[in-house]
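Alright, structures below, take your time with them.
Here come two complexes built around chain A, the first alongside chain B, the second alongside chain C.
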Partner chain A sequence: MIHALVDPFVDFAFMRRALVGCFALSLGAPPVGVFLVLRRLSLMGDAMSHAILPGAAIGFLVAGLSVPAMSLGGFIAGIAVVLLAGFVTRSTILREDASLAAFYLVSLALGVLIVSVKGSSIDLLHVLFGTVLALDDTALFLIAAIATLTMLTLAVIYRPLVLECFDPSFLDSVSRLSSPTHFLFLVLVVLNLVGGFQALGTLMVVGIMLLPAITARFWAQDISNMIIVAVAAAFAASFVGLLLSYYLNLPTGPAIILTSGAGYIVSMLIGVQGGLLWQLMPRKHLEA
Partner chain B sequence: MTLEKRAAVSFHNLTLGYDRHPAVHHINGEVARGDLLALVGPNGAGKSTLLKGMVGQLKPLSGSLSLDGLRRTDIAYLPQQIDIDRTFPITVFDAVAMGLWHDIGAWRGLDRSRSLAVRGALHTLGLQDLGERSVGALSGGQFQRVLFARLLLQDAAIILLDEPFRAVDTKTVEDLLRLIDRWHREGRTVVAALHDLDQVRAHFPNTLLLAREVVAWGPTRQVLTQKNLAKSRQLTEAWDEHAEVCERGEASVERISA
Partner chain C sequence: MSRRIFLVAAAVFAAMLGASGGVRAAEPMKVAASFSILGDMLKQVGGDRVQVFTFVGPNGDAHIYEPTPADAKELSESKILFINGLGLEGWMTRLEKSSGFKGTVVTASKGIIPHKMVEDEKTITDPHAWQSLANGKIYVANIRDALIAADPDGKASYEANAQKFLDGIAEMETTVKEAIAKLPPERRKIITTHDAFGYFGAAYGMEFIAPESVSTESEASAKDVAKIITQIKKEKIPAVFLENVTDSRLLDQISKETGAKIGGTLFSDALSPPDGPAGTYLDMFRNNIATLSEALSS
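What follows is the complex of A and B.
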């Protein structure tokens, strides 16, 4: 049994690299996802993942399948969409979700156009679905650097970020940190999406950000515990997903995300914070 | 108003509003330091607008407002429309502890004395047993107590309350009024927008009766007369999309000397 769990990683370097990459991703992305979920911005993660596509595509056109070029392109495109959407939200009647939707849809179409005109459909598949079993050193360092930066930044902006989610007008009344906090947080969202898309692709990377975070809501009552549970859930999904893909010969990205999805469904049923099965078994209420 | 005391807030022909339409206009006067002032007027009289102007959330359309020697951060403000996410996973203790922001900011930790201060605030509001509950599990009245506990920790020189007793039972109102009395005794300036005139007569020495402009301002008994109240109802008109440009220099206001 132990052998079945460990051997693929002992025998094959590409499996070890994939595991390290996914673990690093699991340290940064799920905590960011927790805040997205709590700010009811879950779908923004999805929108942003589409927004980085044209940048990655341009990077690909300029430098081929080069990790730094595609990442830099994706990062620039993501930040551009965030800034433009923020600008439109502040200066017109559109709310943030609508202006973001407008920009990401344009961005996505542009990305698909660039890749289809200039590249082959194989390339498009790489960008959309990632290549977790072919992570080179550059990609691993990039993912690890982003995970480190994410955790440090979250530690620095943690309190204002929590307050911005819980009671934004109070934060506004006691400090000027509201806008910088919001912006830094959006930068983290973009960074983690960029970091993850080498491994899981622009579409799947949102999964490792959000599914563990949503799962954690069923287990923790307090935000710091939620972050711990989310990271643990992402670790478990990465490990199990890689093994499934190895033994059943499945594409790796979807295997990891589906494992995470299975974790979500189980948690939804048996999670201690409002899981469905607990609601079906009414227990006698307490004295107070 | 003739005042020997220094003012906490002074209005100089202040007009506040939205999209050029004034919600309150040509306000002149001073809120004395240590005053316990009720802000009274019909719906649409501009009470919330005036409070928003005082915290700086709304820029004056004309005129100005000064906080004499005080900073914006010396003001604690409890808005009427609260956009607090009550499903957010945070404990009552942590939510109340945010009131210490002026002291701990974004990075300093809660040491022993600060934790004790939070416990003390919870105790004052009768929340001592609920510290570890999450805010989502609280009733409306309990949640209002949480907000007051946070205000208490903010330790502000000026406290602005916008209809703090809505949808709160009598017992809670009594407890909160006791806290407001305590703030008054401690020399803080408290301004509260209220609707219950009996409450105002019983607890607030001074009243500002507002109806898009100052109707009367002074000792509560002399302000809340039938004549003034009738006038305030007449003056609060509907929003006029095609209103003319206001040419008035200063409002004609009945001034009552304290």
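What follows is the complex of A and C.
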């Protein structure tokens, strides 16, 4: 049993690399996801993942399959969308979600256009789907650096961020840190999406960010515990997903995300914080 | 005076008419080819009498392609559409219907013996028939016959061009066979990114192994990659080769892990741009065989 779990990683360097890459991603992305969930911005992760597409595409057109070029391009595109959406939100009557939706849709269309103009070369589509099994040193360092930066930044802005999750207007009234915090947080979202898309592709990377965070909601009540559960869930999904891909001959990215999805379904049923099964059980009446 | 001008004008007009009439008579027939290799064959056989439009251009992947409105327009104006068949161009049937194409569709691979392969318990037909020069001759004959049927006036020209091309192919076949005969038998086994060299291997006695299947659409699983790495180590496969149409990152990784060297880039499903190393069908073979020999002989 132990052999079945460990051997693939002992025997093959590419499995070790994939696991290290996924673990690094699991350290950075799920905590960011927890805050997204708590701030009811879950769908924003999805929007942002589309927003980085044109940047990555331009990076690819300029420098080919270069991790730094595509990441930088994706990062710039993501930040541009965040800044523009923020600017429009502050200056006009539009709410943030609406202006973000507008910009990400434009960005997505631009990305698809660039992909198509490049012609029939399929490389780019492969790039957008990512390859967990082909993480080279540069990609691993990038993912690890982003995870480190994410954790450090979260530690610094933890207090204002928590406050903003529950009472943004209070934070705004007592501190000038509200909008810098919000912006830094959005930068983290973009950074983690950029880091993850090397491994999982622009679409699936949102999965490793949000599914563990949503799962954690069923197991923990306060934010720090939620983060711990989310990271643990992401670790487990990465490990099990890679093994499933190894033994059952499944494509790796989807295997990891689907494992995470299965974790969510199970948690929804039996999670101690409002899982469906607990709700079905007759509750004790309050007794004096 | 005025009469003279009139005469001159009439002469000029007549000359113009004649010229334009002449141009019209020699105006090339518009034909379309699904991908660059077929496009090159068509140009070789058709010569000046045809104007070739190619959907999937140099270095493009014909397995997956999203046609543009310009493609549909070109197709509707074409008299003949040449496709490879054998399931290569899944996107073509839709385009054919939507463009209102009324010409003839010619399957260039008609008459070849399809190479089947079993994958995940399903039998799939390998579409990469052009990778055997013997099949290339059949392609050329099919193209020649279709062009003659559509443009009987050009029969002599098409036949001459086709013969010249067939001679070139025959010559290349000898070159390829000689080059492979020089390789030590235990080194005639290599890795490529997707299964595109089944016909090549069968025709010339080499074994090709690939993590992706015959189409580039599928994503490799960890199991596939592990299988290949084990195989490379066990059978001491000397080199892995990249292809011009696929993502190279996975092979880079495999090469690093096994110590098999990267032998270079093979052209499988598309030609290079005209100024590149494999601008024509024959240059593609010339380039591939040179790459293989160089990497495997030492």
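Criterion: the second predicted complex is superposed on the first by the 280 of 288 C-alpha atoms of A that agree within 3 Å, B and C clash if a C-alpha of one lies under 4 Å from a C-alpha of the other, contacts with A are read in each partner's own complex, and residues count from 1 in each chain.
FYI, a residue touches a chain if its C-beta (ideal position, glycine included) is under 8 Å from a C-beta of that chain, and two chains touch if they have at least 3 such contacts.
This one's a predicted model, so the numbers in the text were calculated from it and none came from an experiment.
Student: After the alignment on chain A, I want to confirm one thing: do chain B and chain C clash, or do they fit together?
Tutor: fit
Student: By the touch definition at the top of the document, which applies to A:Y247: first (chain B), second (chain C), both, or neither?
Tutor: A:Y247: touches chain C, not chain B.
Student: Looking at A:L177 after the superposition, I want to know if it touches chain B, chain C, both of them or none. Which is it: first, second, both, neither?
Tutor: Touch status of A:L177: first partner only.
Student: In the combined three-chain arrangement, what's the angle at chain A toward chain B and chain C (CA centres, steps of 10°)?
Tutor: 150
Student: In the overlaid three-chain picture, which partner chain does A:F103 touch, first (chain B) or second (chain C), both, or neither?
Tutor: A:F103: touches no partner chain.
Student: For A:L133, using the defined touch cut-off, is the partner it touches chain B, chain C, both, or neither? Pick first, second, both or neither.
Tutor: A:L133 sits against chain C, while chain B stays out of touch.
Student: Looking at chain A, which partner touches more of its residues: chain C or chain B?
Tutor: Larger number of chain A residues touched: C.
Student: A:F185 in the overlay: touching chain B, chain C, both, or neither? Say first, second, both or neither.
Tutor: neither
Student: Is A:M15 touching anything from chain B or chain C once the two structures are fitted on A? First, second, both or neither.
Tutor: In the superposed model, A:M15 contacts chain C only, not chain B.
Student: Quick check on the superposed pair: does A:P160 touch chain B, chain C, both, or neither? Answer first, second, both or neither.
Tutor: Touch partner of A:P160: chain B, not chain C.
Student: Just to confirm the geometry: in the superposition, how small does the C-alpha gap between chain B and chain C get, in angstrom?
Tutor: 39
Student: Using the superposition described at the top, list the residues of chain A that contact chain B and also contact chain C.
Tutor: On chain A, the chain B and chain C contacts do not overlap at all.
Student: What residues on chain B touch chain A, complex-wise?
Tutor: Per the stated touch rule, the residues are 55, 57, 73, 75-77, 79, 82-85, 88-91, 95, 98, 101-102, 105-107, 134, 150, 154.
Student: List the residues on chain C that touch chain A in their complex, please.
Tutor: Where chain C meets chain A, its residues are 55-57, 59-66, 68, 120, 216, 218-226, 229, 245-250, 252-254, 256-257.
Student: With touch defined as at the start, can you tell me which chain A residues reach chain B in the complex?
Tutor: Against chain B, the touching part of chain A is residues 38, 156-157, 159-160, 162-163, 165-170, 172-175, 177, 217, 220-223, 226.
Student: Which of the residues in chain A end up touching chain C in this complex?
Tutor: Within the complex, chain A touches chain C at residues 8, 11-15, 17-18, 65, 116, 119-123, 125-127, 129, 131, 133-136, 242, 245-253, 255.
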